[in-house]
Structures are given as structure tokens and as C-alpha cells.
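Each of the two complexes below includes subunit A, the first together with subunit B, the second together with subunit C.
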Partner chain A sequence: MSFNTVTSSFKVTRRRRAPLAEAARVGLIAGAALVAFALIGAYAAMDKRHVVEDLLTLSQIACGLMVFAAGYATARDGRSGPAAALLHGLVAGAVAGACLALLVWLTVSVNLRATLVAASPALARALSLGAPVASTQALAQLPVLGALLAGLGAAVGLLPPAGRHAMTTGLGVVLVAGLFRDVFASMLDNLPDFTGPEIELFGPSGLNPGAAPVLFAAGAAFSLLRRRLTRRAGVPRSGASRLGSALLVAGVLVLPLVTNDFVAQVAMLVALYMLMGMGLNIELGLAGLVDLGFVAFFAVGAYTVALMCSSGPLAVADVSFWLALPVAIVLAACAGLLFGLPVLRVRGDYLAMATLGLGEIIRVLVLSDALGPYLGGSQGIIEIRHPSLFGLELKSPASLYYLALALAAVVAFVSWRLQHAKIGRAWLAMREDEDVAQALGIDPVASKLLAYTIGAAFAGAAGAVFAALIGSVYPHSFQLLVSINVLAILVIGGLGSLPGVLVGAIVLIGLPELLREFGEFRYLFYGIALVAMMHVRAEGLWPAAHARENVQPENAHA
Partner chain B sequence: MREVSTSPPLLEVRGLKKAFGGMIAIQNVDLSVAQGAVHAIIGPNGAGKTTAFNCITAFVPPTSGRITLAGERIDGLPAHVVARHGIARTYQNVRLFPNMTALENVLVGQHRRLHATFWEAIAGSGRFRREEAEARVRALDMLDFVGIPHRAGHLARNMPYGDQRRLEIARALVGGPRLLMLDEPAAGMNPTEGRALVDLIERVRDRLGVTVVLIEHHMRVVMAVAQRITVFDRGAVLTEGSPAEIQADERVIAAYLGRRSGASGPAPAPLEPVVPASRLEARIA
Partner chain C sequence: MSKALDVRDLTVAYGQIAAVRGASFTVEPGEIATIIGANGAGKTTILNALCGLRDVRAGTVTLGGEDITHLPPHERVRHGLAQVPEGRRLFGRMSVAENLEIGGYARSDHAAQKHDLDHVLELFPRLRERYRQLAGTLSGGEQQMVAMGRALMAKPRVLLLDEPTMGLAPQIVDLVLDAVRRVNREGVTVLLVEQNAYGALEIADRAFVLESGEITLTGHGLELINHERVRSAYLGHEA
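Showing the complex of A and B:
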């Protein structure tokens, strides 16, 4: 089944080794990762960014995390006692640190620059961490630091679950706060001034050194408190996640008000991808239909608005956005229906290929000479009017964000209703086992076509907003990459899960935009995150199945 | 259409044949299932019992033959239309919707009973709400009927095997079929569970008025519950009769024994329970 192909093709089996050899192996892997990180130039690029003011740079934190993770992984292996596990952690860390030390030594003693551009004196200086460049002290401190960090990782890994969770939450809070300093700092600036002692969380480029431990403690305490509370009150997990979603909604609503235009713009992009994500969620997440041509529907919506709301030479009409929006949605839905017809009998991996082809056809058609005169070819359509509401032109990023958010809310509501109706269950059943679903009276053709139609309608809405936001549409905005991004959002968030779409869009679209200063390197994290995710949590960050499962505590383990 | 004075059979199969490529899985299969009966199909592994089921439910298209349900032709119809005529089934290797809860599985089984449209669902109309509420009640009642009321919120994949089998029956029954087809419902069950299954099948027939056809290897179950038995061997019907007649039939025992020596015919499919022929003989006797 197509659904399973997406989620289960990343299973890994592990060979058993002697614990010490395993520790050395993990250390070597971490060391190789560190060296690669330095040699591709990521270290130097991220070294400019201070997460904790004047103390820790992003690259140091990234390296530290790799080593920490190595120690954590060896301890979580769980095959040896605590003392041995700690020792293995130390070994892994020392090995990883030694790899980096070796790199420093090679950089200064052999000229690597001819082939490895990043192996520069600057790198050696940065990696010497303030000690004289490539001195014995500088070289020796790396394995020691590595061992300490990995030992710490191992120690955290050995803690009981509550402690482990508290530690990782604390670390996560510090990291997020430092990394997204600009967002939070602008939020703090916009908040009304507190009376009383003001805590200076942020310096000009990162967290203040004094604030980091405070945040860490707050994160850890929050985690412990939450655990204690849910334990004592016997609040079921769904209660906790309901609280989580309420907080999420509140945050989403006030976001552009308390931050700056840039953040609002990013949020707007996230909302757009959410719209598309919810569309694909109907197709893939619910009905199990892989669709790599999804961007075509987005394009139909965008071009419809472009043709109907533009004062340019290609415009068919110059009407209000609110009139064009339903037309865009209906046209996209029709496109979805037409799109579904030829691939009805195609299943699984072949479906991915077929939809990929169909999606490309649309893009090529727009670029073709036949449609060029009407759609502008590669020149696209420009001068699209901004939508206006009660005489107010929606043109600021914040107002467009709210427009996209309102649409996303409507679409989420519709998705939710459908999901809990006969058709939604039919989609799920089709995804799980098409033949059995049919034997229960579900018409596979009708439900597949409906899934394509509705998914396309949602994407069309996203396209319409996109055109209004950007003010112009070009064929190159509708690349295959968009479809793949939307697919990745679903996989990361959890297939078939509505909150998962939100989480996925934030993680995959929002975070990389906010980390724009790192240029191409953010895709490094993006890739690593995807791979790690498939190993650690293949069912997604907010899996649908668990949300639905409703097991009474007394017979949970019956 | 349903009630004809001479009480014709509910399900009638004539000259059914299915070939997979060059391999003929079944041919010349005739089968008549009386309204309100429990009708068993037995036979050695690979005899073509499941294939006959698959043809009747349009899971695979038959090569030739004629199938009628309550006098209406159903061969050649797509599977979901056959289902709407009132046939529901279970599978030899349980085929639930693993990532859905038991309740959701049973709700899917009611697909053809729900009539609220797509737009009514979005608007949350009164009819939609009423129908959904009724469907839930019916689903919970059905879980109770098959004996797994406490499993409603569990994901199907996390349930024990025996409960999965019961859930599959509940999912089939909840759509209100006229004919329920069970493919080896007792497979993997111990004697206690087997007795509970016999009880369940009897309640299905008596209380719900549903006609049952079952494929089964456990002779204890077959003899306890069936009024009529059809024996398959090597893709054809060997004989048919009452349990007493079948128990006395030398050819039936020979068919099982002959298959055991592996003289001819297709090998049993892997992963399917093989009945030790010696034990079978003891059970029949």
C-alpha cells in the first residue's frame, strides 16, 4: 500500500557488537560527523552566531550536541550497568573529540586547503577554543571536552524517564530561545513593560549568559511539574495534548501582533503550507493516495486569481479577490477530479510516478507556446491586486497572515468534520486495505475521486492566497519541490493528523525560514532532521493513530 | 423479491470456475445455501474453498459460472455492489484496518447504512448527527454482541488475535447482511474459544436471522454448528450432505488422507493451518 511505502521504507536493523567496540564505533561516527561538519564550512558559518552571548556559538553547540547524543546513545543501549555505560560514553566522546583534534593538527601541519577549502587557519583557530592555535593544550582539550560532554550525555541517558525528559526539555528550551533570539526578543519588546525587576534575557545576538541556566531550570522544572500533575490528577494523555493544542492556537493567533513583519511573513508562509498540507492530508494522509503532482492544484488556484484580479494585459477580469477565491477553489477541484481519473487504477509506487508526471505536465503546459499568450509563459502574470476587506486593503504581512490563517481554520474545520464522517472513515479504510474496504460496500472510484477533488480544492485556496500575497505568479513557483515539501510536512507531522500538519509546517517551513542567515546550511539540518526522524519516530511528531486510540487505563494492558 | 413461496436458496452457485493463468483453482462448483442455515465448507488445504469465497464476493472475478443471491444475479458486479446486495465476509488471515480503533472498524462496516451526504457532514446537519449517533450505538452494541465491548477504543493492531477475529465478525455483521461468509473463523482458537465461537454463530443465525456460510477445518466446530456441509477436494465439490452423512462418508476421509500423502494436487499454501489428518479421522469418528 502506498501509505505504508511512505512510512515504512526506512526500517533499519542493527548488528550487535561488544559494548566497548560499539562505544568506539559511535564515537567514530560522531567524530566523522564533526569533521564533516567542519570541512563543509558549516562550522565557520555558524561560529559567528552566538547562542549564549560571548560564551557559546551555534557551531559549538551543534558539535556539543553531536557528542552529547553519542554519549546518550551508548548509555541508552542498555546492555551494561551504569558505571560501564558511563565509561562507554566517555570513550565515545574521547574518540569523537580526538577526531576533531586530528583535523586541527592536520590543518596546521599539512596544507589541506588545496582540496578542502574550509580547512583554513581560521578553522584551526576557531577549533582551538581560545587556546594557542594547535598547541598541545588546544589539541588535548578537544578529546577531554568530548569525553566530558559524552559522559554528560551518558549520565542523562541513564536517568529515569522523568529526569531524562526534564534534562532534554531544559536543553531544548535554551537552544530554541538562543536560536530564535530575534523572534523572542521582538516579542519581548512588544510586550507591555513589566513593573519591577526586569530580567534581561537577550543580548544583542544571543541569550545572556545569566539567562541560560535560568531558562534551562525553567524548562526542566516545567517538564517535571507537568509529569507530576498529569500523574497525580490521572489526566489522560488526550487532556495533556488538548492543553498543548490550546496553547498552540493561542500562540498562532497573537504571533504577528507581538513580533515583527519578517516573522509575520514567515508565519504566513507556514499558514499557506498548512493549507496545502491539509489538502494533501486528505489525499495521502486519509485516503492513502500518494500525489507528487500536488503543486498543480496550487498553480490552478494561483493562476485563476492572477487572471481574475489583475490589471495587467493578460487579465481576463479585474474583480474582487473574494469573487475570484471561490472560482479558484472550484477550478482547482475540477482539476483534481480530472487529475484523479487517469490514475484511478494505479496503486502504490506507480501512483507516485504517475502523479509526478501529471504535475509536471501542468507546469510544462503553462510554459508552452500554446498557452503562453494566455498565461504569460515564463514571464508569468504580474500586478495582481491585493484583496481588500471592508475597504481595507490587505497588504501588510500580518493581515495576509490572518487571511491565510482564516482559510486554514475553515479548511481544518472541514477536514475535521469529513474525517469524522462516513467519507473520512471510508478514506481511512481505503488507505488501510482497499480490497477489504470495497468488500464492505465502499465505492473505491467515488471515494478516490472525492479525495482528489477536495485535496485539490484546498490546494487551490492556498494558491489563491499565494497569488494575492506575492502579487505575481510565475511557473517557476510551482516546482516539484513544493509537492515534496508538502509531502515532507505530512510525514514529519504524522500522516493523517491535522495538528501534525501544523507541527510539520512549522518545523519544515517556519524554522528554515527563520534560520535564513545560515544560507544553504539550514538544509543540512533539514536533511539530518528528516533522517533522524525516520529512525526515531517514523509515525510523525503528532501521530494520528495514537490520538484516536482511547484506551481506558484499567484495561490498557489487559 | 426476498420471500418466494417455494423458499428458494438464498445463495445459489452454478458451474463456478476460476483459473489463475493456466492453473484451475476451482471448476464445476455448485452450491446452494438455504435461507437461515449454517452451511459449512470443508476440504483439504488448497482445495479451493477460499477461492470460491473470493469469487462469490467478487474479490476476484470468476472465470465462468453463475451466482445468484435471493434470485438476483450478482456475478460480474463489482465487490462493493455485491456487498450492497447483502453479503459480508471475513478473511482467512484476519484483515482488519490495523491503524483504526475497533469502534472505527465497526463504523466503516456501516458504510452502506449511512445516508447523510458530504455537505450535510460538513454543515453538521441534524440528520448527520442523528445518523452518526445511531451508528455509534449500533457499533457498540455489535461489539457487545460478539463479546468485546471493552475493546472499542483500542487500535485493531494492538488487540489479541482472538478479539481481532471477533472484531472482524462484528465489522461484517454491522452492515446488516443477509449472508455472512466466514473463512476459518476458528483458526488458531483453543477448544474453549471454539465453543464460544459456535455459540456466537448460533446467535448470529437465531437472533440476527443471518444465513452463515463458513469454511472451517476444526471438525468439532463444524459438526456442532452446521446443518449442511459441502466438501471440496482439488477444486471441485466432492460431496454434500448433513453432518451425519459426511461423517459416514469414506471418500471424505480418503480425500484428507490422500492429500496428506502428497500424491497429487497443489501444495497447501504456506502459513495456513494444516489439520493433521490422523486427528481429523478421530474427530469425525
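Showing the complex of A and C:
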């Protein structure tokens, strides 16, 4: 409830400025972003990764995109003619580039390193782009480059929709191919009798320079072709989207087979977070109960499997995973029920605080001396056996991925049925107006406890698979951050939406894992992504049907 | 025959301040009763106490001979009590159909529910046109119809209505009050709380005047319309 209010009431109104001043402002914002990007050390860290072999690094592309976006935004403002818009784009880019040039000049002439560690000679060298460090040429080329890039952005922004779409698609294809080089290269590797193109397309860390324009052209051509085809043949949208979902399902199913173990492991992590996401979706998305202690249920599931399937000294039993899994789910559900009892009367923001505390209690309990002898304290529990199926040990990331995927499919089905059952309606009603829901005959205690119990059961299943995957459990795997991640998945994907959970898990868990270069900056990008989402698409990337209609809920009650 | 609703010495308090002080009144089966009173007299507090949404400090509430004073709100629905809350409070992001459907949440008789749904749509034909529309997108009058329909879907014996005509255009007010009368003619006992005293008194078999948490006058609706004090205080006539 309070969450919806936050996400729906946040709209920024923009003051109208003169177009040129607006361009300068956009340029300054982009410049500030560039400077911040460099000063947090992201530039230097990402400069090591070549997206286009020996030509463009990840940090150059990131900066380039920022400037490009600034130009694009200025042109799309749509208040001036094409020539003026192009000029404004150039101005914005030049301003942004000048900001970066100023940073380079400051870095070499003043010692900033005492406070700004990243303002190092290495940064100045990297930003001089091959010219003598901080020479006039190096400083001058930044605004020029910025103006060119932003001009390009403005030019693309001025194109008719078909052209604009083709350009952005082409650019997107090149970026995706370059960024996820490992995934695609391994896929090409696995294609039998087809080793040629891999050498042509990809170098050791990114795209080959020759391949980039080809991919760009292919992407642009595809976009144009699709546009023409859909327009002429009048292909119904539902048919096209059905084909799209079929392709998606097929892709999900064969993914670990056509790529390598690393990708399979990432996919498995995404599936795990999907499981948890669907659990929290019952609590928060449907019943409107904020839960920041969600990781506790995940921990209960993981520790149950650890205790029941380990050959280590702490094991209480050494049974098959398939026996431990239902026990883990039941125990997690019981934990959910116990968890729900004390916080039943708490609403809104206070609920977030209460659950936060409860979640931490579980972790601290595991670490405590009292439970240390049984749960291993910070040493954790090791030597958990892998599950086996028909005499086949599920050990490889791919096989565990399928395990998690199968569970996720079951949980998704159960969620979907619940959502459309009577109890699902009751949850939605409780979320919107608890008093009225009660007056209509909905038992608030029972429905809330049921939401906690089912959500916890799903998280317990995820925890069980997690323990089987890692082969060991430690208390530090169950920190608050996991709860926050799951929450962020829901917010990014769209509260109450099942496909949203999938999209959120891919965007927040899958992409950062695949883009290792983001490493330490991962949570920074989480933050930026969340703030940006609240501004641009507060309802999530794939919102639930009822949130998609742009209707404000009635807030008439006091 | 037992009273449809019997309220004895009802006291409801917010902290130290009593909003309703020892109010007693009865409603006979098949009647339309109304409570009129100024803003803040305690009308909504009484209705919420009847529904169980407010804790009762003292007194008893009896519904059809059964003491429901300490039942939780969702149990009271099963005993035949339904409320149309003040300001309608629809589930704005659910469709009209879903709002009506959830009104029958406490029931398990599917066939009869289907029949009642048809009946509600007969009572408010407008809702049939708006059936798949989100409740939040409807006009005020239409929303009031949904709110009444939602309560009727619980198949109540006693229907509580909290200011159903608030903020509606005059023709719509007539339409809503007419619907109340029709619902009542089908055997549902109605307790209507209104600031629009004239409209309420016109259709009421029995009326109570609530002042600062106490019931100060009781009588037939038309009787009270002509009562001097009521005329001056609530109907805007010179004394």
C-alpha cells in the first residue's frame, strides 16, 4: 500500500527553458555524469575490457552512450527545427566533453588524489585517448568528440521513426554482441562444423572491428525488414508475440546446452532468484505485505537441506535431496507462519522495520554460540551431497539449472493459480483497503498468514536448491542484501506480475553476473536503475495487468 | 419476532474521547431506518462499530437476536450484515465485475451468487455496460452503484449505508435513494446514515437524530421532517 503510493505519486514536472539553455543544461548533466563515472573509478576499471577489439573499451562506450543520449534527448525535445536541434545537440555534447576535459586538466595540474583516489595520472592518460597526456590536443579533442557524438545522437533523434528504430536496433545489436561476447562465442563454439564465424566475429575479449559494422547493418536491416513485413502482411500482434514467447521458452530450455558452464551457472542463479521473487511476489505483490526479512526463509530451506543431505559431522541425516526438499519447504513455510504472527497487527512502513529485524534475528541465531554446535556457526555446513535423479548425479551447473527451472515452473504455475483463485482476489482486496476487505468477509489474519506461509515456502525451495548447488551453506550467504535484491527484482519487474519477476531477475541478477566488469559498481548501477525506473516507469518493466491501466487508486479514505 | 438490529447503550471512544455515548436504538425487520446528524456527530463511528471496525467500549449489538458485539468484522458478514462504506471505497484497480464478485466472498453458494449478480445488474443496468471497466474510472454515481452492488452480493439481511448520496448530482441522489427503497422492498432491512437529512427522512420508516454522540430524537421519518428542531437544525428552515 505505502509502496504503491510511493511509486505512483512520484512524477517530475519540468520547467520550460529556452532551447539553448536547455541544451547547455543537458550537456552539464551529462558532463557531471561523465566526471562522476571517472571519479568513482569506473572509467579506469572498465577501460580494461575491450568491447570492440583494440578500438573501443567498455568505459569509452559507456561515456559515448551518455553523450549520445544527451544529444538524442535534446533533439527529441521537439521544440525547434531540425537545424536548430542539431546545433543544440552539438552544444550539449561540447559542454559534456568540456567537463571531462576540465577534469583531465585538473587531474594533472592539481593533486586531487588525497580525496579523489581515482583522479590518477592513469585516468588522465586513459582520457587523453592516445594523444600526449593532457596536451592541448588531448584536451581539445574531448569537447569535439563530445559534440560529434551528441550531434550524431541528435541526428538519430531527428530521423523518422523507422530510421530511428533501425539505428537504435543496430547499435543495440553491436553493444549486446560485444558486451556478452562470452555467451555468444560459447554458443558458436558449440555449433558443430561451424567454427569459422567465431574467429571472424569475436576476438579474445570483444567484437572484431570488422564485425561491428556488419552486425550494425544486420540489426538495422532486420528492424527495417520487420517493420515492412508487419505493415504489409498485417501480421496480428498476438501471433507475433506468441511466436516471441515460443522462441523465449525454447531459448530458456536449451540455454545451458548451447553455452558454457559459466552461463549455465548464471542462468541457475537467475532461476533461484526467480523462485524467491515469486515468493515475495505473493507477500508484497499480491497481499501488499512488505517483507525485508525474506532471506530468513531462504536460509531455513538451505540449512534444512544442509543438515539432511550432508556427509559432514553436523549432519542429522544423510538422506536423498528429494526427501529433504519437501521437508525444507514445509519448515520454511512454518517459519513463515511464525514470522507472520508477531507482525500481523503492524502495517506499512512499520511492517518493513519489523520484518527487517526478524530476518536479521535468524542470521544472528545461526551465528550464535547457542546454535553453533548444531549449525556450525560461521564455519557453516559443508559436504552437502548433490541430488541425483534416476541414478544420475545432478552435479553440473546445467543439470542444476534444469532443477531450479523445473521448480520455478511449478512455483510459477502455483502462483498463477493462486493469483486467479478466491484467495488471490482476497489478497488484492486486502492490499487495496484492509478495512473494506474485512467488512466484505475476508479474514485478515488468515489471509495474511497464508501469504507469509506460501511466500516462505517458495523461498525455502530456492534455499534448498541453493544448498545443493553450492554444496555448503554459511551464514554470510543470508544477509539483508539478498532480501533487498529480491525486493529490487519485484520493483524493477513490476509488483504483482509473474513475467515481471523473470524480467527483473534477468536484469538485476543475470546481467551483472555476465558483465563481470561492473563488479564493485554493481550496486551503484542498481541504485541508478531503481531511481531511473521510479522516474520513467514506476509500474515496472512488465507490470501486472491492473497496474498497466494508468489509474490512480482511490485514496478517499482517511 | 426478534429485532433486525438492536443496539443497547453503545459507547465507542477514540482514546479518552467518547465519540458515541450510550446510544440505544432498534430497527425492525423490513424497515428503512436512518440516523441523521451533523458532521462529527458520530454517525460513521456507529456504523463502523456495528461492522466491528471500531472496538466497542460498552454496550451490546444484537443482530436478529444474536449478540455480535465481539465478533470480528469478517464473521459479521456471515451473520447477514453488509456495509456500503462512506466514500464508497471501491477497489479502484479491479474491474466492476471483480468488485461485485468479491462482495460475495463470504458465500459458498455459487449458483445463488450467479443469480444475485444478475439481480444486481437488473437493479443497476448501468453496471452491465461498465462491467469490464476498472471501478476507479467510473463516475461518482456509478461507483456508488458498484458499492451498493458489492454489499448486496453478500446477500445481507441488514444493509448499512454510510452517506450514499454524498457528492452526487441531484438526479443521481434520487436514483440512489430509489434503489435503496427497491432493495428494502425485497426484504432487506436498511440502516441509512445521511447528512442529506431530507432525502433520508422521506424514505425512512424510523429515524434517529444523533447529536454529539447521543441519540436525542426518535420517530417516523415524515414525523421528524415536520419536527421543529429537525427543521431548523438539519433542513435549513427557520425555526
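The working rule: the second predicted complex is superposed on the first by the 470 of 558 C-alpha atoms of A that agree within 3 Å, B and C clash if a C-alpha of one lies under 4 Å from a C-alpha of the other, contacts with A are read in each partner's own complex, and residues count from 1 in each chain.
The rule we apply is simple: a contact is a pair of C-beta atoms (placed from the backbone, for glycine too) under 8 Å apart; a residue touches a chain by one contact, two chains touch by 3 or more.
Only a predicted model underlies this, so the values are computations on that prediction, with no experimental measurement involved.
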Subunit A residues touched - subunit C or subunit B, whichever exceeds: B
Partner chain(s) touched by A:L87 [first = subunit B, second = subunit C, both, neither]: neither
Touching partner for A:L450 - first (subunit B), second (subunit C), both, neither: first
First, second, both or neither for A:V501, with subunit B first and subunit C second: neither
Partner chain(s) touched by A:R425 [first = subunit B, second = subunit C, both, neither]: both
Which superposed partner A:V414 touches (first subunit B, second subunit C, both, neither): first
Touching partner for A:L139 - first (subunit B), second (subunit C), both, neither: neither
Shared subunit A surface residues [contacts with subunit B and with subunit C]: 422, 425-426, 428-429, 432-433, 435-436, 438-444, 549, 551-552
In the complex, subunit B residues that touch subunit A: 57-59, 78-80, 82-84, 88-89, 91, 95, 97-101, 104, 107-109, 111-112, 114, 116, 118, 121-122, 124, 128, 132, 150, 152-155, 158, 171-172, 175
Subunit A contact footprint on subunit C (complex, rising order): 51-53, 72-74, 77-78, 82-83, 85, 87-94, 98, 101-103, 105-106, 134, 136-137, 150, 154
Of subunit A, residues touching subunit B in the complex: 414, 417-418, 420-423, 425-426, 428-429, 432-433, 435-444, 450, 544-545, 548-552, 555, 558
Residues of subunit A touching subunit C in the complex: 422, 425-426, 428-429, 432-433, 435-436, 438-444, 546-547, 549, 551-554, 556-557
